[in-house]
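The following block contains the structure, expressed as structure tokens.
Think of it as A, B, C and D in the order they're written, each chain with its own count starting at 1.
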Amino acid sequence: MELEQLQKTAAEVADREDVKYVIGWKKGSYGYRVAPGFIEDAAGAAELIFSPLCTANLATYLTLVEKLPVPRGQEADDRKVAVMVKGCDSRAVAQLLVEKGIGREEVVVIGCPCPGVVDPELLAEKYPETEETVEIKWTEDGFLLVRGEEEIEISRDELLAEKCRLCRYPNPVISDVMLGEPVETRELVEDEGVAEIENRDVDERAAYWEEQFAKCVRCYSCRNVCPLCYCQDCILDRLNPTWVNRAVNFSENTAFNIARAFHLAGRCIECGECERVCPANIPLGRLNRKLAREVRDKYGFEPGVDPEAEPFQASFKPDDPEDFIL
Amino acid sequence: MSAMLLKKEKWPEFVEKLAGKKLWAPGADGDAMRFAPVTEGETPALDFNNTRVPPKEALFPQTETMYRFQLGAEEMEEPQLEDETVLLGVRPCDARAMTIVEKLFRWDIDDPYYVKRRELVTVVGLACSDPGLNCFCTSVGGGPASTEGLDLLMVDLGDNYLLEALTEKGETLLESAGDLLEKADSDAVKEKEKLVLEAEKKIKREVKTEGVPEGLPGLWEDPLWQNVSASCLGCGTCTYLCPTCHCFDIQDETEGFESRRCRMWDSCMFGEYTLHTSGHNPRPTRRERTRNRISHKYSYYVDKFDVIACVGCGRCINLCPVNIDIVEILKKVEEAL
Amino acid sequence: MSATFEPNIVAFLCNWCSYAGADLAGTSRERYPANLQIIRVMCSGRVNPLYVMNALQQGADGVLVSGCHPGDCHYMEGNYYARRRLGMLKDLMEFIGVDPRRFHMSWVSASEGHKWKEVVEKTVEDAREAGPFEGFRRRQIDW
Amino acid sequence: MKTNGNPYIPHTATVEETWFETYGERCIKTFKVVFDDQEVRENWSHQPGQCAMIGVLGAGESMISISCSPTEGKFLRFSVMRMGKVTQALHQLEPGDKMMVRGPYGNSFPVDEWQGKKILTIGGGIGQAPLRPIVEYVRANLDQYEGLTMIYGARTSGDLCFKGEFEEMESCSDLSCHLTIDVEEEDWSGNVGFVPQMLLDLNPSPENTIAITCGPPIMIRFVLENLKKLGFSDEQIYTTLENRMKCGIGKCGRCNAGGMYVCKDGPVFSYAVLKEIPEAFA
């Protein structure tokens, strides 16, 4: 996709009367960082970029913005919000529509077919970050890192984020404006991360997750970054009743992580944001993908693909599997 | 006591001499992420960049039992804090943060837990020879070898560590190491000074704080707050991982009839933090919360305790999931002033 | 250990079928293990997965959820939702290393006193084999 | 005073008497409590306007204003609205039960400075609770003050707290008591209308007067506006703030309003101070 086309489209959309702002990606403050940008007019669109560093799922902001009571005498601003989405992000929008978290009329979806983003941590490990912002481009079969004069070719397998390796929806499933040509879709591949854990025995699994969950600092960034965790009144914040205590220890962390993963069963669209933002590097994606796989294999359901579908946990089929029932 | 030298191969022996005290060191649990108690017989490695979770948790644990009691009874049992603790390899910025936070915990009424832990701890610092990308300690009154809050400063001189005792606690520690140490000659001291200068030069990021404490309240309604907070997720990463953030929540937790009142880190970036029971929230959106976080560090704290509550460790920049960069925010503040 | 270990089981029974079934087992003098702490809920669909988590956190060694047979739900379809939800929970718990023998679900109607006895025996026996649950139990308060 | 050395450890007190001020889902219950320990009881001293952290072990603690004046005796009174986890647990307490109390916290009304002045209190709803001690204090020391005017309003007559006490006040010549409710009711012979409007109607002279207000944020905002209209200077206006609090001793940071710790620098602020803190009116 050409950057020019993206910026031109964003400028057009931002200038529309009925659009509040366009949420896109812009260059971050240093190194490999990319920050979400909120573009209110055509002039701002020049900041926007789309590169293998655009990992953030911007659909989060559709539900994150606080809805305050409108002061008396003023009118509510019900203009649309335009959001740029990759394939996985578009599934979040679709799932939000399924759950009626947002209305179709509230949002303009700008679709960006995505050949796969890099794993920022892996990247920084292999090619240390510097204070200058660095550009990365997609090439035929990998990435091109442009650092000043220097250009480094990197193969796709070396840096591709785990979620992208498993991705089957690189093209937005829903969009109002589509940028560029669709990219090639890939077949379902086995999720090695999940399989690796499944192959351990119960005690080893327990030990593995104990180690992981014990690291959690309960900053709730995984919850907040998730486009589908948007309850106004989260069960984790509640004190009355207190389902999960606020103390940070292994037991409560497990309860929190299970609650979080479970609330995403049949809803997680595998954008991998929770895993990316976790300051403790807990492999949350594995939890989510395990559930997503069970939902797909056992119940034949895939969230965020069809905006007209019924929500998974609020529907049933009479012949759902029940081999686990005594 | 003047500066001493410790050969690197004698580092394990040095650690052994500290037996009997509780040792905390970075990454001791096999993960370079945080400070953790060192298991006996283990020698902590000191080749690390700063930990993700600051060592504040050694003095102000993420969850701390204040007292425990049986449900229905009236007796409360307090924890006995008496273990002498040594923190190994604390970066100068984190040690400075301890002195800053201590001002609040000693303000008017002493916080018994923090003050007690602070008294029992000996902080062994490790000067930075290779500061991180987002370090800006030199802009907020610190430096790669700042000694504030430290009892003992170690400088890595290649084959040796240069040890300088800064307080009585530090000297006692050096004395206990005894014959492991050699007196440092003037060359070593010179080398240290050179290293520190070099490290300072490596720090690229800076903030200008002049006029900020006085000026911030005047920017109350400035559009910059909306701009910088638009992408904020409202998570607690920046505050939990900040060495000077010190807010906490108090909760009663019960298991069977055993109950305890404990406190845990809290974050002003959470909506629940200021929410009144009535449903009214004085800081209803991320804009107010971001404004409060920055103002508290750079203005309110300066008013009350005469020091900026930010030590420039760069953690909030490194780990913010959406690249909210405090250096950039302060640049914008400066422009708006 | 396993020979003498008596597990704590928390059982969530639906008001209309399983609770009545358990009642029937009692009135028909069926003998079954007494390791159960029964919590009556209006419908198995009412059982939030967090209840199961919480039971395990607070000292249960096993959890049983029992409701009406599919199609018999007093509220028409509550047990269908429960089946989906708790099936997923079982997968998730297994994945994080909770012994699958600790969590069971069953359909017991009001007339199945004998089946109830069998379900309880199986649940208790499984939990006994799995041993005391330590996993993510809330531990003793330490300083 | 005896503090156990640890300011977080509360004193045990026994509930002597309880009664309901209002009824309904968010009912207000008043507790009269006395410390168990004689030393604590003797040494406890609080000033009108201060708060205490009260709670039940196992449920938690809440910052509640002490709604009695030290002139009333060696006991404490708290009026608590049933809202969350802690206040629900508090509402379970009956005479003879134990309540945990620590404090007193915060600054207080500068009652000594105010000697020789007229006092005007303007309260709304549960906001009367922190004002009650100053009313009682002035009543007990009437010779030191020029007089007391009390304006108090609530949504309905059923929502008025301390109803029983107002009749007595009306009979005293140095005191005047004005009650108002928001909407008309059958058996209500008093004033109907909002508190800020009633203030305008009464038109008290600002001369040698101190005005103290407490109530819901929206009421405070309009009362302040109207006081300014009446010619009150910033230094003559006081209010008590509240924010979510956890520690009570200026550590936890929860109650920050701007740079102020409401639990230590407050809860009593003069408008001259408060107007510099935009967050206080948020």
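Remarks
To be clear about the criterion, contacts are C-beta pairs under 8 Å (C-beta built on N, C-alpha and C of every residue); 3 or more make two chains touch, one makes a residue touch a chain.
What you see is a predicted model; the values in this text were computed from it and never measured.
Least step count on the touch graph, subunit C to subunit D: 2.
Using the average of C-alpha coordinates as each chain's centre, C ends up farthest from subunit B. A count of contacting C-beta pairs for A-C and for A-D identifies A-C as the more extensively joined pair. The geometric centre of subunit A is 35 Å away from that of subunit C, both derived from CA atoms.
Inter-chain spacing, taken between the CA centroids of subunit A and subunit D, is 49 Å.
Inter-chain spacing, taken between the CA centroids of subunit B and subunit D, is 39 Å. In this assembly, the C-alpha centroid of subunit A lies 32 Å from the C-alpha centroid of subunit B.
Multi-chain contact residues of subunit D (touching two or more other chains): 84.
The residues of subunit A that reach two or more other chains are 239, 245, 249, listed in rising order. Within subunit C, the positions touching two or more other chains are listed as 138. Listed in rising order, the residues of subunit D touching subunit B in the complex are 5-9, 12, 57-61, 83-84, 87, 98, 216-217, 242-244, 246-247, 249-254, 256-259, 264, 276, 278-279, 282.
Interface residues of subunit A facing subunit D in the complex, by the touch rule stated above, are 239-240, 242. The touching residues of subunit D, counted against subunit A in their complex, run 84-85, 88.
For subunit A in complex with subunit B, the touching residues are 28-31, 33-38, 56, 60-61, 64, 66, 68, 129-131, 215, 217-221, 223-225, 237, 239, 245-249, 273, 276-277, 279-281. On the side of subunit C, the complex with subunit A involves touching residues 49-50, 53-54, 57, 70-71, 77, 80-81, 83-85, 87-100, 104-107, 119, 122-123, 135-139.
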